Amino acid sequence: MPDKQTDTLILGDVEFSSRLFTGTGKFSSRSLIPQMLEASGSQMITVALRRVDPSDRQDNILNYIPDTVTLLPNTSGARTAQEAVRIARIAREAGCGRFIKIEVITDMQYLLPDNHETLLATEILAKEGFVVLPYMMPDITVTKQLYDAGAAAVMPLGAPIGTNRGLEMKPMIEMIIQVSKIPVVVDAGIGRPSQAAEAMEMGADAVLVNTAIATSQDPILSGKAFGYAVKAGRMAYLSRMAEEKLKASASSPLTGFLRD
Amino acid sequence: MPDKQTDTLILGDVEFSSRLFTGTGKFSSRSLIPQMLEASGSQMITVALRRVDPSDRQDNILNYIPDTVTLLPNTSGARTAQEAVRIARIAREAGCGRFIKIEVITDMQYLLPDNHETLLATEILAKEGFVVLPYMMPDITVTKQLYDAGAAAVMPLGAPIGTNRGLEMKPMIEMIIQVSKIPVVVDAGIGRPSQAAEAMEMGADAVLVNTAIATSQDPILSGKAFGYAVKAGRMAYLSRMAEEKLKASASSPLTGFLRD
Amino acid sequence: MPDKQTDTLILGDVEFSSRLFTGTGKFSSRSLIPQMLEASGSQMITVALRRVDPSDRQDNILNYIPDTVTLLPNTSGARTAQEAVRIARIAREAGCGRFIKIEVITDMQYLLPDNHETLLATEILAKEGFVVLPYMMPDITVTKQLYDAGAAAVMPLGAPIGTNRGLEMKPMIEMIIQVSKIPVVVDAGIGRPSQAAEAMEMGADAVLVNTAIATSQDPILSGKAFGYAVKAGRMAYLSRMAEEKLKASASSPLTGFLRD
Amino acid sequence: MPDKQTDTLILGDVEFSSRLFTGTGKFSSRSLIPQMLEASGSQMITVALRRVDPSDRQDNILNYIPDTVTLLPNTSGARTAQEAVRIARIAREAGCGRFIKIEVITDMQYLLPDNHETLLATEILAKEGFVVLPYMMPDITVTKQLYDAGAAAVMPLGAPIGTNRGLEMKPMIEMIIQVSKIPVVVDAGIGRPSQAAEAMEMGADAVLVNTAIATSQDPILSGKAFGYAVKAGRMAYLSRMAEEKLKASASSPLTGFLRD
Amino acid sequence: MKISLNGKNTETQSRTLMDLVTGLITDQGLDLKSLVVEHNLKVVPSVAWEKALIQDGDTIELLSFVGGG
Amino acid sequence: MKISLNGKNTETQSRTLMDLVTGLITDQGLDLKSLVVEHNLKVVPSVAWEKALIQDGDTIELLSFVGGG
Amino acid sequence: MKISLNGKNTETQSRTLMDLVTGLITDQGLDLKSLVVEHNLKVVPSVAWEKALIQDGDTIELLSFVGGG
Amino acid sequence: MKISLNGKNTETQSRTLMDLVTGLITDQGLDLKSLVVEHNLKVVPSVAWEKALIQDGDTIELLSFVGGG
């Protein structure tokens, strides 16, 4: 059990006091991003890389991310390990740093990751000095293989991306938390602060939330809500709460009033 | 939808900025109570009334509760409406103020409340000017009757007391939140901050947590965790998050990388 | 544990080999009812009583129910104990026998029963020699009171009527099964054979299914499905299956192949 | 939607009228197996292959399996694709026919399958003319790859083997059922007939149950229960039942009694 | 004669329940056997309809069983 | 004098609630301030204990607040 | 002659699989019909055991089907 | 000169990446600082655009960071 006083998350050689990772997708206005970051306290945020769209007049999204926040470029759009590797290299050479979220998706219906291609990309990029955070289908065997491949953490999904269905894969994620030798970051599907808190109570090291914050009617307040919830869940984990009980037990003395 | 800026809970004529109610039962040491109250921000706390136990050398539990915190004496031990009424009157005359949590239990196995006796006691005490908070089995019909009887709020249970099983009665509580004209406080069974947050996200007005805080290995940190979680859940409710979706939707652009 | 060989359900002085109760509501055509009864094996079916509707040209619904099937008139439409009592008496004098399903509903939004009025009606009708089956909100205290009032069984709801949401109230129903001295029939909300089987596995004595059968695209096949499922669930209960386990355990020898 | 009259499952060139597959593991006595098969109606059963254990005096397990039942040898014990291939070949040459359940497990704690090795073994054995049924972690991408590799069906797990926890992976299995071009057999974790019925209601083509039957106090009655439940679930699927509803809807006329 | 018939004030010439009921059959083609008649809060079996005299101010309910869950 | 004290028949010499209560303090080291005294179903505030005379057959409950949820 | 029998180095006088197998039956009371014999990675059907000569260094696996899920 | 620009065959007169890029800015008002240029699979930092000569058949990708989760 970690020390409650000095409880931080270290990835690569960076120390994070916040265990909430956020994303830049789906915001109605980019100007909301820095306010959301401040409200949520998030210190790591994802960005994507795409061909310049001439019709898109927006200025540089990186301008909206304070230097204090670590950039986590993702390899979205990659359908093979090779494409993921290429995107990662471009991102780094473009000055986005060593962190990379590997995302290789071939299933265009449910947008679920391809664990094998993800593993191959992880192997290559870890050797090249990247801090590799692979987005994955919850899978015990692959969790161990990603560790051997040099991943800095594993990022199993809670539910299909953008569904807000929460910890649908809870039993598998609990097992991953038990066996993983590297931090476990629950990514995708988290739609409510309560679900983020639940993941942290289970012992997850962090959660990544994008859609739920960006698509709420008040992304700044939502970001703050997730920031509080992640803290709450982590504190609960650190304070070792009692297990569920089958039997009821009174919180007041059981003696009847004016009875013995 | 309430105003996000001035979002407080009013019961009787008292305004509460914290929506976390706590209890004084089951603490390993009473000296933890004031620290827990400070860490959690809770502004309302329950106490019970019992015959003096000569063997009990502890000093007055009320000494451990700051004047800024509202006392909520409960009628635990009562098995009939009449006993509950008697306890309430004694508590008030003993200087504990007008708030009373009605708790009438005849089922000694699961410690579940007797809604009919609870309704009768509510009727009498509301007439006598008490601010009545009845602890109840989740029940739509009784919710309406308690309102007619003058209750200040309803307190449906999430799960049997002390089980930490959370919102087992969630569907019924959701209906109560829909129909109730008075505040809904989820009481009993909440064992994790995530569960408290979930209740608030559903639109509950407050939650009452005792066992989960008092029996954790660090009640002060747990209290803080619940304080954060209740805030997080309320913020989520106020920021109108998106519903669950059946279909996945990408948070990054769906175009393949270096594809059109 | 009952004898597997001679496992029947006795209500009033009638012995039922089938633990599936059905209803006559919502069928697209009344002629489906006798076929559904035969396919499902159900031996008890509900009917309702209403003022003659001149515009309704349908012939007598009782003509569609074989004599071998016990009629269970319900008191639907009653909003007080007195109305329920009046309906019950009319039904009996009209030749529908001694069985009565008490249904007193004042909540017109969720159609949830009023436990207190239901209890009052049960008391009166049991004294008059009815075999009283009260439809109720799952409630331990009221379960005991209904037994004292002379009910032949209790019929807690699984979920709001017609929702097909299944055993939403499962934890409460499990407790009722533990404490009840009379048969427990899960009524309302059961939308799938799997849910009916689950209720029986928990130890329920019977289930009542109407909407799910009547509104399916093939009520006869659906009735058969529920008949099989109720049998399956009862057999599972009688054959004492192993509990859930936290740890995986191999069903094949754990030794590696060609290893020791 | 298949024809209700002629609804059978075809694997390889064998037609199965029963959609319940069973296993031979964990029975207290082998003599229970033929009785269980008869009671359950199962037409396919798994066996394992191991080195002769001199201390084991039991006679040939194949003697307990009627010729009318298809043998499904598994590759349990294999930790690589190559080992699985070797076991499969031995089983076939030993006269066990063309069916093979591929089971490659490297995680000895939770006994969860290795999808990548499983895929490799499937590729090889399908080419050799086996009817390959791979046991797998629920995964959309791998489901498609197994189809391309020539699998006759996919067998995603419901929960870790032997846990009786049921459809823990339900959301993922529902997606697999949507996308799979080959039959989906839910294997492992099914501990109750209700869970088997639920899988069939979702549209699974079959379920494989071993532990729950073999370890119950009455494997013959349990087998019968699962046989009924699988039939019930399939019928429910074929009869297109109504969806869950948010709103309650009365099964009796909503008019008050003696009111308009 | 004024009676309350299924909650409505009605003018009727029928002297007995049988008259009233048979009248309604021809008017509305009701199924006689399905009919349950409550006369001043008492259920009257069909065999007794002939003898059941209707008086001014009587309350009569004509009921039948319908589908219900 | 016979009284019912916390449900038990008790013989006491105390003339007032104050006598009774202070007696118990020395006997049992109770915390006076935490004490709630119900005398014949009426709560008596500590300021009135001096004047509250005990009579034969009185019912007295000595209560205090404890931890509860 | 040295062979690997079920993974163990074993000294045997058996000239054929039949000799080896029948020897084991008497030693260990195995059920012949349940036996699956893999000889140098090839499965040998029982009808061929008589002619299957064992040579020094051979690898022989004696297998059988068991309960499994 | 024919080049592949973001996957499309394009005719260009630009001699250097700087020419190409600045041309696009005036044409399309792009944000220069947000531009990531990949020239024949190598990323070229903006400081080097001036010297980066474009030759016939070159493959050039103009990329930028966008919102993503």
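A, B, C, D, E, F, G and H are the chain letters, set down in written order, and residue numbers restart from 1 in every chain.
Note that in this section a residue touches a chain if its C-beta (ideal position, glycine included) is under 8 Å from a C-beta of that chain, and two chains touch if they have at least 3 such contacts.
The structure displayed is predicted, hence computed values, not measured ones.
Engineer: So which chains are sitting against chain F and chain H at once?
Structural biologist: Intersection of chain F and chain H contact lists gives A, B.
Engineer: Would you mind checking the shortest number of contact hops between chain E and chain H?
Structural biologist: Tracing touching chains, the least step count from chain E to chain H comes to 3.
Engineer: If we define chain centres by averaging CA atoms, which chain lands farthest from chain C? Would you check?
Structural biologist: In terms of C-alpha centroids, the chain at the greatest distance from chain C is H.
Engineer: Averaging only over C-alpha atoms, locate the centres of chain A and chain D and give their separation in whole Å.
Structural biologist: Measuring from centre to centre gives 34 Å for this pair.
Engineer: Just the number, please: Cα centre separation of chain A and chain E in whole Å.
Structural biologist: The separation of the two C-alpha centroids amounts to 72 Å.
Engineer: So which bits of chain C are touching at least two other chains?
Structural biologist: Where chain C meets two or more other chains at a single residue, that happens at 23, 25-26, 48-51, 74, 76, 86, 109-110, 112, 160-161, 165, 210-211, 250-253, 258-259.
Engineer: Which chain E residues sit where two or more other chains touch them?
Structural biologist: Each of 7, 61, 66-69 in chain E touches at least two other chains.
Engineer: All pairs of touching chains?
Structural biologist: Contact pairs between chains: A-B, A-D, A-F, A-H, B-C, B-F, B-H, C-D, C-E, C-G, D-E, D-G.
Engineer: Given the complex with chain A, which residues does chain B contribute to the contact?
Structural biologist: Those residues of chain B that touch chain A are 4, 23, 25-26, 46, 48-51, 74-79, 83, 86-87, 103, 108-112, 160-165, 191-195, 197-198, 201, 210-212, 214-219, 221-222, 224-229, 231-233, 235-236, 238-259.
Engineer: Enumerate the contact residues on chain D facing chain A in the complex.
Structural biologist: Going through chain D, the ones touching chain A are 106-107, 109-110, 112-116, 137, 139-142, 144, 159-160, 165, 168-169, 171-172, 175, 178-179.
Engineer: Considering only the defined contacts, which chain H positions touch chain A in the complex?
Structural biologist: Against chain A, chain H makes touches at 6-7, 24, 27-31, 33-36, 38, 41, 43, 45, 61-69.
Engineer: Would you tell me which residues of chain D are touching chain E in their complex?
Structural biologist: So the residues of chain D in touch with chain E come to 250-253, 258-260.
Engineer: Touching chain G in the complex: which residues of chain D?
Structural biologist: Touch list, chain D to chain G: 23-27, 30, 46-52, 54, 57-63, 73-74, 76, 86, 89-90, 93-94, 96, 161, 188, 208, 210-211.
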